[in-house]
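In this document, chain identifiers A, B, C and D correspond to the written order of the chains, with residue numbering beginning at 1 in each.
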Amino acid sequence: MANSKYEYVRAFEQADILLPNTWVVVRIDGRGFHKFSDKYAFEKPNDRRGIDLMNAAAKAVLKELPDVVIAYGISDEYSFVLHKSCTLFERRSSKLVTTIVSTFTSYYVHFWAQYFPDLPLSPPLPSFDGRAVQYPSVRNLRDYLSWRQVDCHINNLYNTTFWALVQQGGMDTKTAEKELAGSLASEKNEILFSRFKINYNNEPDMYKKGSVVFRDYELVEPGSAQPPADEDGAKTAEELEISKTQVEKDKKRRAKAPITIHHLDIIKDEFWERRPWLLSNKPGKIPKET
Amino acid sequence: MANSKYEYVRAFEQADILLPNTWVVVRIDGRGFHKFSDKYAFEKPNDRRGIDLMNAAAKAVLKELPDVVIAYGISDEYSFVLHKSCTLFERRSSKLVTTIVSTFTSYYVHFWAQYFPDLPLSPPLPSFDGRAVQYPSVRNLRDYLSWRQVDCHINNLYNTTFWALVQQGGMDTKTAEKELAGSLASEKNEILFSRFKINYNNEPDMYKKGSVVFRDYELVEPGSAQPPADEDGAKTAEELEISKTQVEKDKKRRAKAPITIHHLDIIKDEFWERRPWLLSNKPGKIPKET
Amino acid sequence: MANSKYEYVRAFEQADILLPNTWVVVRIDGRGFHKFSDKYAFEKPNDRRGIDLMNAAAKAVLKELPDVVIAYGISDEYSFVLHKSCTLFERRSSKLVTTIVSTFTSYYVHFWAQYFPDLPLSPPLPSFDGRAVQYPSVRNLRDYLSWRQVDCHINNLYNTTFWALVQQGGMDTKTAEKELAGSLASEKNEILFSRFKINYNNEPDMYKKGSVVFRDYELVEPGSAQPPADEDGAKTAEELEISKTQVEKDKKRRAKAPITIHHLDIIKDEFWERRPWLLSNKPGKIPKET
Amino acid sequence: MANSKYEYVRAFEQADILLPNTWVVVRIDGRGFHKFSDKYAFEKPNDRRGIDLMNAAAKAVLKELPDVVIAYGISDEYSFVLHKSCTLFERRSSKLVTTIVSTFTSYYVHFWAQYFPDLPLSPPLPSFDGRAVQYPSVRNLRDYLSWRQVDCHINNLYNTTFWALVQQGGMDTKTAEKELAGSLASEKNEILFSRFKINYNNEPDMYKKGSVVFRDYELVEPGSAQPPADEDGAKTAEELEISKTQVEKDKKRRAKAPITIHHLDIIKDEFWERRPWLLSNKPGKIPKET
């Protein structure tokens, strides 16, 4: 039986190829995680188990999809960066986004029992939505990541103060909200310090900075790395020959590199200068011990 | 600390709103399921546990997303149909697709242990990709579903014959492939019957027809249901008033309706005529017993 | 010299295929026509020469592009409808829109001297922008055209009253604007009649109804035409054979049909019922005399 | 009469905003210009009047749309480059493309009689189609323009040789085609020189290099200009204040700058280094005499 009679319906599938030579960020968000975190009584302002679980799932995504060069997570959101030279799935947007969202979800559910051994999952189960955004320049990409890290800081300072007022100050949540409405960062710092003896600077970096996940190589002295040449454009046949071998070598080195989780400032140049492999997409030296 | 300096990056997010008044099919596919089914030694040509697990995950998607009117699954693929009047997530394509993919994945991993109690999951975990396709008319939508059901038939007849040759006929897989290359349906039927005493017609509908999942109401006599009026376009303020109350009522009835899994012919008109609620998106009479 | 080194840039061209089986409306608008009509002292509220020129250009578009089934124009805007079955330029959106905009502009400039013999064009020259919009159903398409014709009526009633107040009532434009702010249709009719003895109903249809352009065939008795079958979907090889011959025949008949300009109500069913060829895209009987 | 009943159809218009911070090339092509150039007996291989007309229309586009920084034309095609910082029409793709196509068409038809005084236009009239392509980096943009200029060279060498064989060598077109099939550039040069005493290098640059149109300022010594800083991203409020004044100043200077047509090599760095305003989008020094 031929299938030709109905096959015309394939013509309704529309192309959604992302523009070549742009950085792609796939950002995923927990769906209804406010309610979800209540259901499983997540600790406030930050639940260590919940963040560790997010980070473990993100790490698994990098392991399964070597095209992801760096990921950055805060709260119930994670951003995965694909290098501008990435050609995975011919850059089809839906395929890239759904693969990342699905892989992340799969590990989140699978690892749940490790991080919440006493709280078995029950329907409705956790899920995530996602979208792909294209950034034409390194500046735009770094500004995107800076935007998320500044957001992390703003939210964490607010939440830390809010929950201090509620948990230690005995305020009800509405009063705490009012107290903080329109307050400056300095004022929140002051509330924390004067009323609760909390120095915000001493809070854990994991909460203040969010989590950065990447393949790790030996750090480079700032200034010593060559700036990545603008490698757009075409190569001669010979260069392509060389570069095929190189691609294989790079693949092996990438597979060997440990995927690590950090809580660092990714806004300043230093982070990027010491890790040139992130923007060049060329693997560095494997560190001797991890 | 204001976030305005970096917030400009939000302008890079591009709209992906699906066209109003079109049927939307979100089709998801297992990633690398050939390898995956080998890893867990799925039975050939069909693994009942694997299909039951797919169906359970699909049923959970319908339960969590009442906007899905019908879903159709074969092998490691599932198609979810959103009614042309659906306005969920403002019809944002990425959001719709990722939500369905993620919810499906979440239940697939969560339910795994129920269906494969002796085979604990281990990385790399199962995942799914997905895409949204728009169909302007009921004819196009039904032809899409017919296309998938014809594919189910073609694949299942091939697989049934292929594995009979291998498992019962002792052929190696390469020889079996050659044997079947270019063969007609009638020839496969003949091989099954003459060599293995298998009457393909008696094979289980679950394998021959695939699985259809929908909210179930009392069947309607063909011809007795009013054809769904073409309800495009706008309503008067009064009509809108009425229809808001109606929406609430419909919602409650939908919540009460059992979500059931069938293995039926969805190509013929009869399936659709007896279940007018599928295309009208108006819930029918709740059946007395399920 | 090979061009391969740079040819990679072609990969940056992204597909923009319109969804099959949807009606496509290409609407074009005069750029800065307020200023433009001042420059050439267009008569108010309507300049007959200007409208005739728009209509002549639209008629030329239908002549050059037989895929356009109907066009509707008001003021400095024109909407061109492509049948849902249209496959011109593989339904590439940019190509369809720019071809229509460019053809229209070309004739507008070329015909200018015929309609404004005493007013030679000088830079900045007239130009038009355009966009394609997809409508999945006939209802949506007709509602789009109704929207434009209602707009025509609203604007023309306002403009007729406004310019009566100014030209015959001696009001300055600001006072006239104030006078009409928030006024109902009935109040404008009343102003026209009581102050200027103008019965709006007797105004020319060209101004009240806008202009409709289409290939003209013999009118059909309402009710006698068969409703166009829903012809989505695929055909057998034999049907395709027949339909190729039919396509050629249709093409010839279309070429013979006169393209005419009317000022009719296109909101009511009657217009469409008497001209079944517009929605069926099947040419009718050529009228004996035009 | 309210228009609300039909206004819902506006929701079918879909966003088509181009990605911020990318270079946009709008390329337009003559429709059916092979036939068109036959109709008006264009000279072969190049018709000076036809090219001058194309260039005059392109120059008018730059005059009317100051957002176009450079345009490059060959044969019946023209590419218009919008700076990556361009925000005209909120970067709506359809609006940008149709405005450029329509403006170009308008001037092409209007100027026709100046360049072809003895050949009045008659229907079917000339028209152009167009499309917008995004290029994320200067490298990609320059490679696009290089691609077009190499194409110009390849085509012109071919056409010059082909028409020499036909016009001076008395060959019929089919034989000439065969003669040149698969020939190298050096072989064509050889044919031109040995058979027709034509040194291809001495052919006019207008035909060999195509036409470049831009706002002209004083040339800059290579190396003396500061490389344009990567100005992506946001500015402080104060910087924005300054930059508003700057924008006004730039606008005035741009209006004063002569728009000139050249026939230069735009592949080599020198062209771009001596005209830093093209990539920086900052007007240079107005030349004393043009």
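FYI, contacts are C-beta pairs under 8 Å (C-beta built on N, C-alpha and C of every residue); 3 or more make two chains touch, one makes a residue touch a chain.
In UniProt terms, the chains line up like this: A, B, C, D = tRNA(His) guanylyltransferase.
None of the values given here were measured: they were computed from a predicted structure.
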Set of chains adjacent to subunit C and to subunit D: A, B
Pair joined by the larger number of C-beta contacts - A-D, B-D: A-D
Equivalent interface positions on subunit B and subunit C, same or different at half: same
Chain separated most widely from subunit B, comparing mean CA positions: D
Centroid spacing, where centroids are CA-atom means, of subunit A and subunit B in whole angstrom: 31
Between subunit A and subunit D, centroid-to-centroid distance (C-alpha), Å: 42
Inter-chain centre distance, subunit B versus subunit D - centres from mean C-alpha coordinates, in Å: 50
Where subunit C touches two or more other chains, by residue: 5-8, 12, 14, 19-21, 134-135, 140, 143, 233-234
Footprint of subunit B on subunit C - complex, ascending: 19-22, 84, 134-137, 139-140, 143, 230, 232-234
In the complex, subunit B residues that touch subunit D: 4-8, 11-12, 14-15, 17, 19-21, 233-234, 236
Parts of subunit C lying in touch with subunit D, wherever the complex brings them together: 1, 3, 5-10, 12-14, 16, 28, 31, 60, 63-64, 93-95, 97-99, 101-103, 105-110, 121, 123-135, 140, 143-144, 146-147, 150-151, 153-154, 185
